[in-house]
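Labels run A, B and C following the written order; every chain starts at residue 1.
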Amino acid sequence: MNRVVVVGLLLCALVLAARARAGDDGAEDAAARPEIVLWHAYRADEAAVIEEIVAGINASETAFQVKVLAVPYDAYLDKIGAAIPRGRGPDLFIAAHDPIGDWAEAKTIQPIDDVVDAQTASSLVPGLLPAVVYRGHVYGLPLAFKSVALWRNPRRVPQAPATLDELMRVAVEQTNAAEGRYGFVYENRDVYYHAPLLFGLGGRLFDGEGRPALDDPNNVASIEKAQAINAAKVVPQEVSGTLLLSLFNEDKAAMIVTGPWSRGEIAAGVPFEVSALPDVVDAAGVRRPMKPLLTVEALFLSGRLVDPARRALAVRVARLLSDEARSVLRLKKARQPVALEKAWDSVGDDDDGRVQRGFRAQLDRSVPTPNSPAMKALWSPFNLALGESIGQGTPPSVTLAQAQAKVKGEMAVVEHSTEATGEGGFVVVVGALLLLLLGWTALAVRKFGGAAALLSGIRKNGIAYAYVAPALTATLVLVLFPFAVGVGMGFFRHTWGTYTFVGMENFVSILAGADSTFFRTLGVTVLWTASNIVLHVSIGVLLALILSQARLRFRGVYRVLFVIPWAMPSYITALIWKGMFHPEFGAVNALLGIQGFSWMNSFWSAFAANLVTNTWLGFPFMMVTALGGLTSIPKDLYEAAALDGAGPLKRFTSITLPLLRPTLAPAIVLGTVWTFNMFNVIYLVSGGAPGGKTDILVTEAFRWAFERGQGGAFGTAAAYSTLIFLMLLSYNVAAARVTRGIEGSK
Amino acid sequence: MKSPSDDVAGDPGHHPLLGLLSHAVLMMTAVIVLYPVLWVVRMALSPTQSFASGLSPIPSEVTLQNFRDVIGHHDVAGTWVFGHQLWNSLVIALATAVTGVALATSAAYAFSRFRFPGARLGMSALLVTQMFPATMMMIPLYILLDKLGLLDSQFGLVIVYATTSIPFSTWMLKGYFDTIPIDLEEAARMDGASTSRIFFSIILPLARPAIAITALFSFMTAWNEFILAAKLMNTETSYTLPVVLQGYVGAKSTSWGHFAAGAILVSLPVMALFFALQKHLVGGLTAGSVKG
Amino acid sequence: MAAISLRGIEKRYGDVVIVKGLDLEIKDGEFVVLVGPSGCGKSTTLRMIAGLETISAGELCIDGQRVNDVAPGDRDLAMVFQSYALYPHMSVRENIAFGLVVRKVKKAEINQRVDDAAEMLKLSGLLHRKPKDLSGGQRQRVAMARAVVRRPRAFLFDEPLSNLDAKLRMEVRAEIAALRRRFSTTTVYVTHDQVEAMTLADRVVVLNDGVAQQVGTPLEVYRRPANRFVATFLGTPTMNVVDKALLKVAVPGNALHVGVRPHDVQARKETAGALVAMRVEHIERLGQESFVFGRVGEERFGAVVDEDALGVLEHGSEVGLFSRADRLSFFNDKGLRIDA
């Protein structure tokens, strides 16, 4: 056994060493020719084309090399935000334009007015430049633009409708609920897809001074219009992007609203045409085009790229990527609506060309997504309001007023204090925290009888400490510092990379907030954790008991079968569960024999959907742990108990459970901690629906860190995390007391 | 050959009805477990990249193209990227399992067998590390790894993953070690065995079930992690498979066929590992050490 | 082969003293049984000899060498545990061989010695089995084989028979006695069972509350108990101990109590000349012999009865009790023996 371990360790060390060596060689090579690092979040055809273009550049350029990295989209912004300020990021990167405000303020990117000069600007498709301008400076070189447009199946809808009323007429004709066919499918609970109606009816996101204006009367009217479309039943319930495309692929959706990114998901042989969204007429009789939000994909130069020679090389790469030949390549091969006007000359009249021109037509009737930092704070409250109005029919005037209040409240929290104590403050607080931890340790030492006694104790128990030290040191080093920093951040306000000391303010504003969000969310979190643990443990133990019977046939097969939910990436299975809870197309309603019951419309059913999904994901871990624990129970104990006349239940409670405890207890304690901090399932299945009621504390912390504030309200998020930590800590201290009490009374 | 004393757990008697009931429960669970999984299989085998919906998970058209695409992923230079990534995942996950289990067993053994000052504190410290939401630790952790020169390094990932898995593993193993009779160690000491000999020849073989579980757990910790891996690794050939999977998810669209095929590929080694380990989960290991 | 000497051995846990200043010289080849009620410190003493417990005070020497701080494995002693402590994951052969493997004995020799030990203990056919597939008696024999195979300087037994049923116990007892005759290795044996003590020991050490009450041959201890504790602890049925005033007997010096074993008291129909008369409350017929029990004063009192001679006895019958004078023991106010 030990030999196996040693050999394994040696092998790993060797492999790691060998690979580290290989990395060094690469670095030497790069020293010879400067390496310009380019990051992007493209995938599929778009990524392939970028790779191809870069390979071409590397083949023809001798002065430098381009090193390209495809980063998963979900990790992209985060990775850029972490890497660039520490000088570890790319020289240039491709991204959507909407975070420009945050990036410019945090100096993650730099102005490139010199690159996007008048000549370059005039070569672009009109309407793109405003998207990449922030506070009077150009920050990005546009590569492509994307927005939703109207997709139709030409067999069902030969002619693109000119007005929404006309579209609705066709949609009603094409709808047949009994056959599961729908006329006009769009994600009516998502602001992004609602935006065309909003702008078409004169709505707005910000007022003239850049303050959020969610409760604008025209916004209310736009949601009322969406409610009317929903009431006409041309849209199925709870549309998601996945449902929409599968309906379209199965010829069950005549018209859908989506963007060029969906082309890869259209099944072969399914015909489609793309055109601009129709006009809409408001209550006053004014006719306006439905305008979707426009996203411009652009090249950005890292804010850390200051060396002029290197910057010149990066600019050269940017120019190459956006030149005519390569734009045409992107347009043709990656089917990107590219930013270079001249490239459009190559668009022919084939199927593909018609689709491209559809998106191009929509461009002229679109609104660039605001790139101000305040924008990201709007999404979540607005989505919740929209979801509640569509789902439960709550009047939009009410839900939007709530959303507006929420956004205002959150901004107040973030902008509460402005007095600065300078950069040093952060170091001081983290230092103080570390000192506090040290002091606590010192106290513990004194309690033990002073350092001398401790030292002699250490000497006497040398072996014990030698055994414990590696694990404990590794854990503490890698956790203690991040932990102290995390807690420390709670006393600061973060504004684009600078931290301002604000004392207890973050905590106060969370705990004494006008709405009692924190305490309500805490209640949901506790309920969520408790119900999950009870289900995971009871199902896990029951299955383990059954599976540990020696006589049972196929038990090996069952055991392996039942770890699948744990083994499979939860991202996909959680979304499948979400699909199974769909009111019309889901398996759950079909199985229960109920029609059209919407699980996401009430707290309890949405909570139940989350719970079922997480139980499916979570029971295997408890089952495996219990299986291991059961092996330590000698069989003769059962025989003895049986002789004593103990029935099966008695044997279970007096032998199985107590003897299972040592192995199950850590799984339960840690399972509690993990479930308390687990928001994946909630995020993916209910998404907080209805109206954020199924959110838990970590979801809130997450939203503060990534959706609010100026470059992330890390202070508030850290304060949230600290509160979560304190609650879990006191729970565990209490639990330890209770168990010790029980043991003591035995 | 299985002796009847294998039957440890519920000892549900030998009533035929109970056997039937057991199978009924297992069958039902299997259906619930498999139904969503069949959807993954359907998407993986389907020629389109869209998300499947409806009631029947039986695919109408079957192709292995998605698997071919995922496995056969080469970059422009002709490097077999998938091969590199699979290798990375295996090396990192195995190294994590070995490191995590090695550190956790030694710590757990000390916590279980020695009375020493700070033992309780140490155990609690391990637990406490799990309580601060991971999201907020990411930035400081990144800074720390940067300072240690462990960005873009497999070694860095292994250390972080092992550290993440140690608290559970230690607690779990400590609980299990507690159930191993101390007599056995004393007998070995009388036989002249050193502490390390006792640890390797007596304790480790007897703790096989717990070690199997912690090994699986540590392996899984590393095998499925993508947030940190995506953040730390800076070349595509140094990505791990979960990062690759995440790469099939775009801003507003996902290559579901590829994702599903990848998900199946990613879960196969875990199932194989569990299949290999589960024979250690048979009962009665310490049975027979004490009286008749 | 070794002489073991304990000089003022003590064991303390904090303020609790388990063993108080124990002195004992065990001669080379001697079989010493430590006997006493549970909690008397006998197992702790054995474990201190083994090295599994640290010695709080005093000196432990093996063959004149101080071994207080020598690790258990280096003392070259073998121990048979009450639980047998067989390694469950190893076969019988591996179990027996473990101590030799650890000591890096040559493979061929290990095999030879294991086979010998197995044959001696009738385990030859079981060498490939795992402990869980053995009966209780077989496990016990494996535990002994594990000790024997090492050819240690001394054997230590910690209540080795307490988990066996009565019949097996007798068999294994005989086996231990046989082993002992064969090797004449120094042996320290802990038990709470006086029959084991009497049958196996060269010398018996009776322990109570961490103090040696008496050290002597089994017969000495049985016939001439040093105090009331020893008197009542050894022997079945228990020795009768009553106030001297209740018996018609001459007592030496300041003796307060008189003790006599039931085996040494005859119950007869006549009461004339008896030590005392007693009403029968309870009769135990063991086939070979029968006992009657009643009360003398407040104390329970037992005697043998020859039923053939006596005819049928009933509850309530009055009997007279007779004993040889040299079978009486006398104890003073401190419970110590007074010799006539």
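In this text, contacts are C-beta pairs under 8 Å (C-beta built on N, C-alpha and C of every residue); 3 or more make two chains touch, one makes a residue touch a chain.
Quick caveat: nothing in here was measured; it's all calculated off a predicted structure.
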How many links in the shortest chain of touching chains run from subunit A to subunit C?
2
Ranking chain pairs by contacts, what comes out on top?
A-B
Between subunit A and subunit C, tell me the centre distance in angstrom, where each centre is the average of that chain's C-alpha atoms.
74
Counting only Cα atoms for the centres, state how far subunit A is from subunit B in Å.
24
Mind checking the centre-to-centre distance between subunit B and subunit C? Centres are C-alpha means, answer in whole Å.
54
Touching at least two other chains at once: which residues of subunit B meet that condition?
5, 201, 205, 284-287, 290
Write out the stretch or stretches of subunit B touching subunit C in their complex.
3, 5, 181, 183-184, 186-194, 197, 201-202, 205-206, 284-292
Within the complex, which stretch of subunit C touches subunit B?
50-52, 71-74, 77-79, 81, 83-89, 98-99, 102-103, 130-137, 139, 146, 150, 163
